[in-house]
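Take this structure, written in structure tokens, and hold onto it; I'll ask about it next.
For reference, chains read A, B, C, D, E and F in written order, and residue numbers begin at 1 within each chain.
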């Protein structure tokens, strides 16, 4: 169960309305790596975790915090939309400031949500659950979480560059901060699990199942051999084996050939093309 | 530019047709972490990389290999569908083997693709580009890649458990192998970058921008303190600072209040609810 | 079967082209509560209605009218796009009116549809059938219809505020009018059914199936007790029972615990995290 | 901010695993009218409400409860998937019970989530935010809420018919109960607002803006006059005016004609078709 | 405007219910090339056609017929779902016929639509407007229409193979027939336009804008020269020029290199990877 | 397998950055008929082709070329985004050129991709696989390909009108050229197949299966008889039979009536509405 407290972790109050920035801020609310994504990703991971109590609690602590971050950004967006001008742009073109606002704001903020935040990204595409990851394998999922917090903090840093409003910057600063914690915590949890399981996910599909001569080779499928200079092309691999480099990938199997289709498919008959 | 060679890295030939497994195999072709996703993710990352030659080449080597993996799985699926029975299931129910096939196969394999692979996942949802990640920040994106290869290898391992067909198992074994290499290579590349930039992405949004007292604190938003027992709640964090634990999160700001909406939004008027 | 007559219920002729308003008007054509949604919703409801002749006819009357409304708005949009300027915006920036148009119009109106209406909303997201409702239960669906006509009329009223073009306003006035009728008619139909079935949908899942002590309680899950002041927290409920208010929700069941996953899932093993 | 307590409102424990029912139950978790939809709908409505304290609190109370309902159903689904068989179906066809399970379960429950709940519906389509409604107009949105609770309770009632498992039935009984409360509460709130604003949404777009002769007419666009027999075709309408019935709709405007497209669109030139 | 007549072009009455076939039949109702697609495609083409009266009327004739085909298939699906069994499958497994039905039917037909047709395809993915084409160029669009009627008739032919029910076969026979007409009519219209404009769309982007030495060359990007044997590799091309074949594609431009990203993007800095 | 060569077919170098045009150019990269669509469509067609070697090779030649076109346009977009201004628009409004750029560019180019191309269309909707066609019937699919190349070249021609940048125009000129070849080649392949199979797809569902009196009739479902004047209403049809015109479509079947729903659906009961 969840309980709601009518406070925020940050005031989420801009110096002044700015409907254009409201549109951009939607990216970290309802985009691929917005707060809805991390909240939902952590909730499903937490609910599906079978045992593993301290990890499950860590996930639920963070999931619950993230619902509050959705609330915080939604509040900021509503305030950025206060009294947004909505009149016809061709008229407004006589006043360049008004006009630039009308041309750039998300029209759904005026037509659909009545000056409220929406569960969409910065171009207005609705959030969808195809963004999230919850596999039941903790090491795999903590890597997903580290990825999400890395992409998320990167987007917050970019938005920070795009405004001079001190209220917005203060909230973005708060988000940068918490994403630092969240990157740190998932890194720490990953290190714990890697120390026990090794670095290859899943650890339970062991090397014996693999084709040994191919498991540490970098194949040169793109012209140029710059990639052979990296730490991934020679020396010890993270899992302890030796990296190899193959300048000319191969051997390969024979040509891909398929059997003819049966008549009931109404595919092109063999005879037609002979 | 790309060039196509009419060979595969693995024979991709099952012992016998199995339209039900064809449906399941679609997950690693057209699912969130299927081969289309990694191919497209790496292609966009490679094309957008500005300089950084050895990394760009590594990405393009791998991207190009992955297009070949899409081809390989598509070939396997077409062969698993050879001569799939398509007759009416109620009739077929008299023959339990036929019937189980009809009930479980993806009907689009018969109606839409004419016994061919489709760019969809194991429940038939079309692949979409909202799955992929290409941010321009290499450390962020290599974490996305490590995540993708971890989830992908996990799914391959699960499919491996679901069949006794030696041809399918041979191809899945090949995929387990290459995913081991790909996890290793992204891990190696991540370590190179972390050694130079530190572990927090982006390194260019420095601690000064943050709210220092909140950047390493685990807040206890979910009842129970099991999470305080992990390496993420005390001791040195991966970025070198000290983790802290806050059993009772706070302080918070005041209540979230919004200004009334202007009349032109036709939102509920203030007077109505007083 | 359907038949088409080459007339409209409203002239759908703007005073002058306005490609920016064309973009906004797409919301009530191809948005969540646009005319495609109501047309498709009513068509599927009507086709699926089993008996109930006067209701089925009412639904089909309205469905068929709505296809005509799609046509009307599509016509208006095409006219608003007449001779839309499409030249490069950086050049156009020297002329602020042209420039504001270029910056704000939907680029697909120029590139994809050749100055025609599209089945998309005001940010360009294609219409999809996940918007519509047709459940086979008339009272449930008439509530869906009342909702759709309420949201739809609200959006029309907002668009009405955004323009001074008398031709557009005339068409929007027509739509306001018909949405008034449609709200009235669904309200009347709802009252007929509620009088016979009661207000809780479905009436055929009776109170005996319920947990009686929980069916009329408002639980206070959000801090603050303002909600206890409403007509939903005490007194007679619409279905005749008495509302109750619970300031401290409970009792609850024990902690959510799940069994370990079997090994073939390759989830994290129990031993790893102990 | 939100806080999580490790309890549920219902035990959510089935008598025995049933992966087929797990698939079906996804509808009320991640479908159009599943618990994710109501949770997100109420959260966005609550966050965007500007003033109107008792309504805002009511919305937030209910929103927060619904997040807990997502948790409850996710828990039930995970338990229904305990030890789900995943072996190849063609083999399994020799055992009809196993086989029926394999043919009917959602393959992603085995391949993607590792026997956990997913944010998808009963056919595996991911949840998306295009399902939800938050307009800023309380009366409009309470109608959306009444609709959602009506469709939702209807689906729960149908699922109740599909199982004999007493644990599942107990949880569905709980959901039937709470949906009764939620229908009652939104009905009560609607009645409060209608008493103050009238029944037509939005009340702030008054009759003067409308085409008076068309605002209460049922047009007979579908052959047959059964619809003229309802309470929506004559007598007093819910807003107080008189309903009318028009057996032969009209008058209409002239034919829909559009201007030729300019040459830079590369549309078909006028001359070509003359 | 549209008018509805309560008749169908075909009885749409199956010999007996068959919920499994109902699921499959959804493909030609709500799939990529189902009747909703052609109805919507033709409606938008017709509404957007500027002049060209006989073509516009042809499009509208066909569009209006197709709405009736949606109705016809929806009716058939509702009848195939009559009294569909919905009880729990594990129980049902004791009766193989019942069980095969439960395992294979679309669960939403029971849970969501109450035994009615839905605007989805054969795997349950909702129809979306990204399927349709309406460009304003008649020759381009008639090719889209020919494509749609070809794919559509192919799918109908495949469904025809999958059933022995004479009622279903009769309706599919009707659809095969009308798709023959529609292929013929779009072919005839294409020939009219090609005779006037030439075969390359758009005719208004003339050869002078092109790179002449590349406009009729088949490049051999896929190993093997089988493609050089076709009528597209030598001899006269449909537009009158001569086809050429290039066994070794080239020349190409220099390597793809991009400028470094500016610091405010927080992309990986140049220095980090040197 | 595929191999990558670090060259392009065209320099893809604009005269100067232009983030607004970058947004528009996304249409032919990630839109319905962008290069991702044709690349994926041809790849799946090629991989699924069963025999038919010269056609399969033709498809794979073209598919592989198209992946290179995606690369080319992605490169152009990245260059158009070089040093794109990203500062707050309200500030920028004082400088009309900067401001017009900020208002019109895709915010995700700054926030999400770090000035790189994205797999989305010109309004930011992600590419999805529901756009593509691969049916196993070559004639059907070559018509899909001709459609795609016609729509694609039309969009390129429109973009060509929208810019004066010689570098962009040079690349668009290249694309116009290759689309001419591709239209020619699919036309040639279509003519080969039509000569052998006839013009109606699929040829294997013969006239005997059809309702002969309806297979060549144009029904007048839209008021006005302009359509009777075309070559599709009388004279010889492309398949050799005679076209007919029916001014008053009919005969039709009786009224669409459905059986009542069973009680377990909780649909509206028959008694309620009588």
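Convention: a contact is a pair of C-beta atoms (placed from the backbone, for glycine too) under 8 Å apart; a residue touches a chain by one contact, two chains touch by 3 or more.
Small disclaimer: the values here were computed from a predicted structure and weren't measured.
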{"item": "Touching chain C and also chain F, the following chains", "value": "A, B, D, E"}
{"item": "Of all other chains, the one whose Cα centre sits farthest from chain B", "value": "C"}
{"item": "Inter-chain centre distance, chain A versus chain D - centres from mean C-alpha coordinates, in Å", "value": "27"}
{"item": "Whole-Å separation of chain centres (CA-atom averages), chain A against chain B", "value": "10"}
{"item": "Junction residues of chain D, two or more chains touched", "value": "1-9, 32, 47-48, 50, 54-55, 60-61, 63-65, 68, 71, 75, 78, 86, 96, 99-100, 103-104, 110, 112, 114-115, 120, 123-126, 128, 130, 135-137, 139, 154, 157-158, 161, 202, 204-205, 221-222, 224, 249, 252, 256, 258-259, 261, 264-267"}
{"item": "Chain B residues touching chain E - in the complex, by the definition given at the top", "value": "1-6, 47-52, 54-55, 86-94, 96, 99-100, 102-104, 106-108, 110-112, 114, 120, 123-126, 135-139, 193, 196-197, 202, 204-205"}
{"item": "Complex interface listing, chain E residues touching chain A", "value": "154, 157-158, 161, 264-266"}
{"item": "Sites on chain A touched by chain D in the complex", "value": "1-9, 30, 36, 40, 43-44, 47-48, 50, 60-61, 63-65, 67-68, 70-71, 74-75, 78, 112-120, 126-130, 132, 134-137"}
{"item": "Residues of chain B that touch chain D when the two form their complex", "value": "18, 20-21, 23-24, 27, 31-32, 96-97, 99-101, 103-104, 121-125, 154-155, 158-159, 161-165, 221-224, 249, 252, 256-261, 263, 265-270, 272-273"}
{"item": "Touching residues on chain F, where the partner in the complex is chain E", "value": "5-12, 32, 46, 53-58, 60-65, 68, 71, 75, 78-79, 82-83, 86, 110, 114-115, 125, 128, 130-131, 133, 135, 137, 139-140, 143-144, 146-147, 150-151, 153-154, 156-157, 160, 173-174, 176-178, 180-181, 183-185, 187-189, 191-192, 199-202, 204-205, 207, 209-212, 214-222, 224-227, 229-232, 237-239, 241, 243, 249, 252-256, 258-259, 261-262, 264-267"}
